[in-house]
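Pasting the structures in now, so scroll down.
Two complexes follow with chain A in common, the first pairing it with chain B and the second with chain C.
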Partner chain A sequence: MIKLIEKIEGEAKLDFNMKDGKIDFVDIAFMSTRNIENILKGKAAFDALVINPRVCGICGHAHLMATVQALESCYKDLQLTNKAKIIRELTLNFELIQNHFKWFYLTLLPLFGKKQQVLKATYPTQLMAKAIAIFGGQYPHTSYAVVGGVVCDITHTDLIKLQHYIEETVKFFEENLVRSQSQSFLESENVDDVLSKEGDLIEILKIIISNEWLELGKSYDRYIVFGANSYFTKGKSMKTRLSNNISLTSVKESKQETSYAKNVSFKNKYYEVGPLARAMINKTPLIKDAHKRYGDSMFSRILARVCEVSQLLHHSKKLIAELDLSEASYIKPSQEISKLTGAGSASVEAARGSLIHKVELENGLIKNYEIITPTQWNLSGGTKDNPGVSQKAMIGLEEISIAELVFKTFDVCSVCTTH
Partner chain B sequence: MIEKREALAKMFSAKGSKINTNRGAEYYDSLMETMKKRLNELEQTAAASKMSITSVLEAEGLDRRDFMKWASAACAALMLPASFTPLIAQAAELMNRVPVIWIELQDCAGNSEAILRSDAPTIDELILETISLEFNETLMAAAGHQAEEHLEEAMHTFKGKYLCVVEGSIPLGMDGLYGTIGAKAETFKDHLLRVAKDSAAVVAVGTCATFGGVPAASPNPTGAVGVQDVVKGKAIINIPACPANPANITGTILHFVLTGQVPELDHLNRPKFAFGYRIHDNCERRAHFDAGEFVEEWGDKGAQNNFCLYKMGCKGPMTFNNCSIVRYNSGTNWPIGAGHGCIGCSEPQFWDKYAQERPMADTHFKAPGGGVEKTVDEFGLGLLTAAGIGIGIHAAASVLAGKKEGDE
Partner chain C sequence: MKTKVLWLSAIACNGNTHSFLNYPYMEQFLNDFEFIYHPVIDTDYTLEEIVSSVIACDILLIEGSIAEDFQRADTSIVKIIQTYSKIVKKIVTVGTCATFGGIFRESDYKNVSGLHFNQELPTNTFREIKDKTVSISGCPIHPEVLVNTLYAIKKDIRLELDKYLRPKEYFAYTIHNGCTRNEYFEYKVDNHKFGELEGCMFYDHGCQAPYTQGSCNKILWNEINSKTRAGLPCMGCTEPGFPRENLFSTKKNMGIPENLPVGVGKRVYLTLAGITKAFTIERLEKKLLND
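Right, the complex of A and B next:
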């Protein structure tokens, strides 16, 4: 039985094979592509800074960050000021935050039989988009990061505006998602604590409990995070067994016959990426507790994504306090781009998980470019014996509507996946 | 020098580049009559969506005053005299009479995203709650087969009346198989033709839908084209830019509600109210251009003082759009405000011709109005446009001035 899944920035075709009233296997296919990697070939290296954010209208900023870092990794001893680093990290945080709000109110709520709350989705999203625009000029599709730094030179007035946007977003979170001081939510180490509160998130979690859906959506319990920054840690975790020593060289992409999306694996194994993976590697106490009780079920996945909003808002405030506006925004690289030959790569944490860009340059021109997106990790289409992460999470379920819910807890993006 | 200045002045006062914001009392009187008649007719028809602006405003705790403030801003944006403000307000109240079917083709969802963050205090409510957005994948509740039925029903019910808004380009390569939609794997081309057929007009939103955009960048692997290359015999309004400015999308829909017609368009089918001026004409850094003060390198003194970005590759002088007035994200900022030059994202083929930091000197593209733009530091190479000459001399002179300063 074929079902079309929409509202994932495009659509995906899911073909369910049923056996004895249960899902035996799911074929996942994405039916459109723009072939961006081929467009990049032969173009001037810096063109990628403008083209790549356009890969995705939702996480385009993560693509800009991955591009600029991949290009920078081709240089020898390239320098960045702390100011440039902090600004880049702040804007990426804001992008993650706005994505999670939209996912919760536009995608998730209707799947729990509730009305889609457009205005609740747009209000905090707009605040975060404005916060990005202060540095980047516009959102979506900014190109304010360049090799060597950022082009913006913000002032203290801008910082005041920024703090206001963050405070308003925190307020929205505290009044809507989890009605409590975010500090106490952040420090909470116990799921029961959280469930004793009220709010839109709590309502959803309670529905999961009362419908006895706590076992649903479990997959391999295997996580990977590549994009390290001042908040996220790089590493992989098999259940709770953590290892921080991972390398991009073990990441393999392979084509699929029936879909424009490519599979991606680490040492031939499929891994889950995204907020739950990040929380597992970071050992976030609340998520660890959820995981101890309910494993990698959709309960943990939903809680981890919403929890990340609060964490990143808090962390952004800390970053702003560290910002020294007297530092330079840009340091000129010592090598000319037109004479640069070499290869590089970068990984950043996009809203939906690890995003990897790899580039090869020849005299400043792009010889090869490879993009691996988070949804490729979560939605790799495996075989019946070796299913992908989301496939495994859906196999064994009885109802297609529940399968769609599980599928969407991975926060799927179609346009990114096929790029 | 004076001759060149005159040539420059001549180019700007040429008939084709003129935006007439004062067409005289007779014109506006008759326009007002047309609009009143149209709005009265609309008032008689049944609402396509149950939501009315009054109930939305009440629910949001916004008063009539906020609404009228928005209406007068929208009135100015559409280049109409202030006396039209009550009509704009009435049109906004009747927005639920005009059904909109929004389809996504080969895109990044960036324009849907932009409109979710759209402009002005109450415009979100206006757009999302009162426009009868009959079909939009991101916002509607229905999905899959149910969505397909919903689309068929909307097309049938509002035959000949709905606006077909298109986001994304159309891949024609490999018989259109680079992009298919729905259970029957309908190609994007067939899908577009089917929805556009019975529409009142087609609005192409974003540079992908208008000119092919990113997917059409060389070597155009999927054979991507814009809506106007596929849909023939229909009124097409192009609202390019990447992403398209929500204010311009609203403006166009509002204009359609007001008049039942498409707004005045330029030779690329772009509404003149939005694309009548160049970025450069109203740029906040224009004074620095005129004073010969340029950013010479990212992060330099010029960058810190908001000098002109022309030498860093800003395409503002060649790009027609109203970003410098409307800005983005509820007027928070815009690329030049953040210190990044304009990349010319609302012009055809800008990916290949304009691009990132490539100074205009190295692009060798044909500037609007003809001619070849040459390097800023070597001028007098013939075949330059008036603007090219003016800008060339100007920037070169500033280099000399800069050198002098350095010597001192």
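Right, the complex of A and C next:
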């Protein structure tokens, strides 16, 4: 049975094979591709800073960050100030936060039989978009991070405005998602603590419990994170067994016959990416407890994504306190990029997981460009014997509507996948 | 009565969808308009229902570049546009891709273009519906420009349009109008460096604001800022040729920028530049805050 899954920044077709009333296998197909990697070929290196955010309307900022870092990795001696690094990290945090709010109020609620809450999605996301615009001039689709730093400079009064946007967002979180002081939610190590509170997130978690859905959505229990920064840690985890020694060289992309999306694996194995993966690598106490009880079920996945909002808001406040405004925003690279020949790569944590960009430059022009998006990791289409992460999470389910719910807990992005 | 709107995505990144979600008075908007389909907002109809029948609708919004071989729900986007354009009062192209072809003109589909223009050139496929089309270009669109245009349509306000069918109220201006770096341009102080509050990006860093039409520095982005104010060159994203190549550098002939402000001849420009070069304005040579 083929079902068109809509409103995932585009669509995907899921072809369900049923056996004895259960899902035996799911074929996932994306019907289009725009071939951005081809569009980039032959263009000036800096043009990628403008083109790549246009891969995706909801996580384009992560594409900007991956682009600038990939270009910078082509240099041997590139210098960045701490100020530039912190500013970049802040704006990427804000993008992740806006994404998670939208996912919760626009995508997730209707799947639990609740009315979509457009205004609860737009209020905090507009605050986060403003926070990005302080630095980048606008959101979406700024190109404010350039090789050597950021194009903006900011003052203390800008920071006051920024802090107010963050505090308003924290307040929104505390009044809506989890009615509690964020600090106590952040420090919580026990799922029962969280369930004793009220709020939009808690309601959803309680539905999962009362419907006995705690076992649903389990996959390989295998996670990977490539985009290290001051908050996220690079590494992979098989259940809770952690290894921080991973390299992009073991990542492989391959074509599929039935879909425009390419598969991606690490040492020929499929890994889950995204907030749950990041929390597992970071060993976030609350998520560790959820995982101990319910494994990599959709309960843990949903909790991890919403929990990340609170963590990133808190971490952003710390980053702002570390900003030294007397530092330069930009240091001119020793060599003009228009004369550069070299290759490089970068990975950043986008809202949905690890995003990888690879670039080859020849005399300042793009000779080759490769993009691997988070949704490719989670939605890689495997075979019945070796299913992909989201396929495995759906196999064995009885109802297609539950399968759609499980599928969307991965926060699928069609446009990214069909770059 | 709520005005019924169909938001149809063609070859897109959904950037316009998300930019629209930044409209600050969404509650008011949703009191007056209802989507029969939207890429993110829940609607009464599925995409499959939209393409398999004809649902009553007042305004058709198209996001993304258009190509015959691009399908949504197994139906060519061209066919969906043809079906709905017949029944709606107005059609709005949302963004530069839908208006001129934009970035995805270069995607792998065949004969990709905007609804009525392939960059500057008029196209023929949809000429019967040209009279009822309004173009809102921009990559992405400014949410306020889109929303205000939809209200103008709802209230039957006559919109003056430019040659690309863009409302003059927003597109008669240049991005340069209202830029906080204006004085560096006016007095030809060409010492811009990235990461600073001072300087104009027109001379070296490819800023297209003086010859790009739109209201970015009049109706600010996210209500607070603009790219050029922040220090990022205008990329000309509302124009038919977007994206041109070498976006971060200014193309010059014998030291003179190849593209000059809209309506300003080379001679006028050179005369003005010559005069300004004859004097130095100390205030503009120094740092703004810590001199």
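The definition used in the following text is that the second predicted complex is superposed on the first by the 419 of 419 C-alpha atoms of A that agree within 3 Å, B and C clash if a C-alpha of one lies under 4 Å from a C-alpha of the other, contacts with A are read in each partner's own complex, and residues count from 1 in each chain.
Methods note: contacts are C-beta pairs under 8 Å (C-beta built on N, C-alpha and C of every residue); 3 or more make two chains touch, one makes a residue touch a chain.
This is a predicted model, so every value here is computed, not measured.
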- Task: Put chain B and chain C onto chain A via the superposition and say whether they clash or fit.
- Result: clash
- Message: By the touch definition at the top of the document, which applies to A:Gln163: first (chain B), second (chain C), both, or neither?
- Response: neither
- Task: Mind working out whether A:Thr122 is in touch with chain B, chain C, both or neither, as first, second, both or neither?
- Result: both
- Query: If you stack the two complexes on chain A, which partner ends up touching A:Val50: first (chain B), second (chain C), both, or neither?
  - Reply: both
- Task: Answer with first, second, both or neither: which of chain B and chain C does A:Gln335 touch in the superposed model?
- Result: neither
- Task: Determine, under the contact definition given at the top, whether A:Ser73 touches first (chain B), second (chain C), both, or neither.
- Result: neither
- Message: If we overlay the two complexes on their shared chain A, which of chain B and chain C does A:Ile5 touch? Say first, second, both or neither.
- Response: first
- Note on the structure: In chain A, both chain B and chain C touch residues 4, 6-7, 9-11, 31-36, 38-39, 43-44, 46-47, 49-51, 54-58, 60, 102, 106, 110, 116, 118-119, 121-122, 125-126, 129-130, 132-144, 146, 148-149, 151-153, 328-330, 332, 415
- Message: Touching residues of chain C toward chain A in the complex: what are they?
- Response: 9, 11-19, 21-24, 26-27, 30, 39-42, 46-48, 70-73, 103-104, 106-108, 139-140, 193-197, 216, 221-232, 235, 237, 243, 245-249, 289
- Note on the structure: Given the complex, residues on chain A that touch chain B span 2-7, 9-11, 13, 31-36, 38-39, 42-44, 46-47, 49-51, 54-58, 60, 102, 106, 110, 116, 118-119, 121-122, 125-126, 129-130, 132-144, 146, 148-149, 151-153, 260, 328-332, 415
- Task: Would you mind writing out the residues of chain B in touch with chain A in their complex?
- Result: 60, 104, 106-114, 116-117, 124-125, 128-129, 137-139, 141, 143-145, 147, 171, 178-183, 185, 188, 213-215, 217-222, 224, 242-243, 297-299, 303-304, 328-330, 332-340, 343, 351, 355-358
- Would you pull the chain A residues touching chain C in the complex into a rising list? 4, 6-7, 9-11, 31-36, 38-39, 43-44, 46-47, 49-51, 54-58, 60, 84, 102, 106, 110, 115-116, 118-119, 121-122, 125-126, 129-130, 132-144, 146, 148-153, 155, 161, 328-330, 332, 338, 415
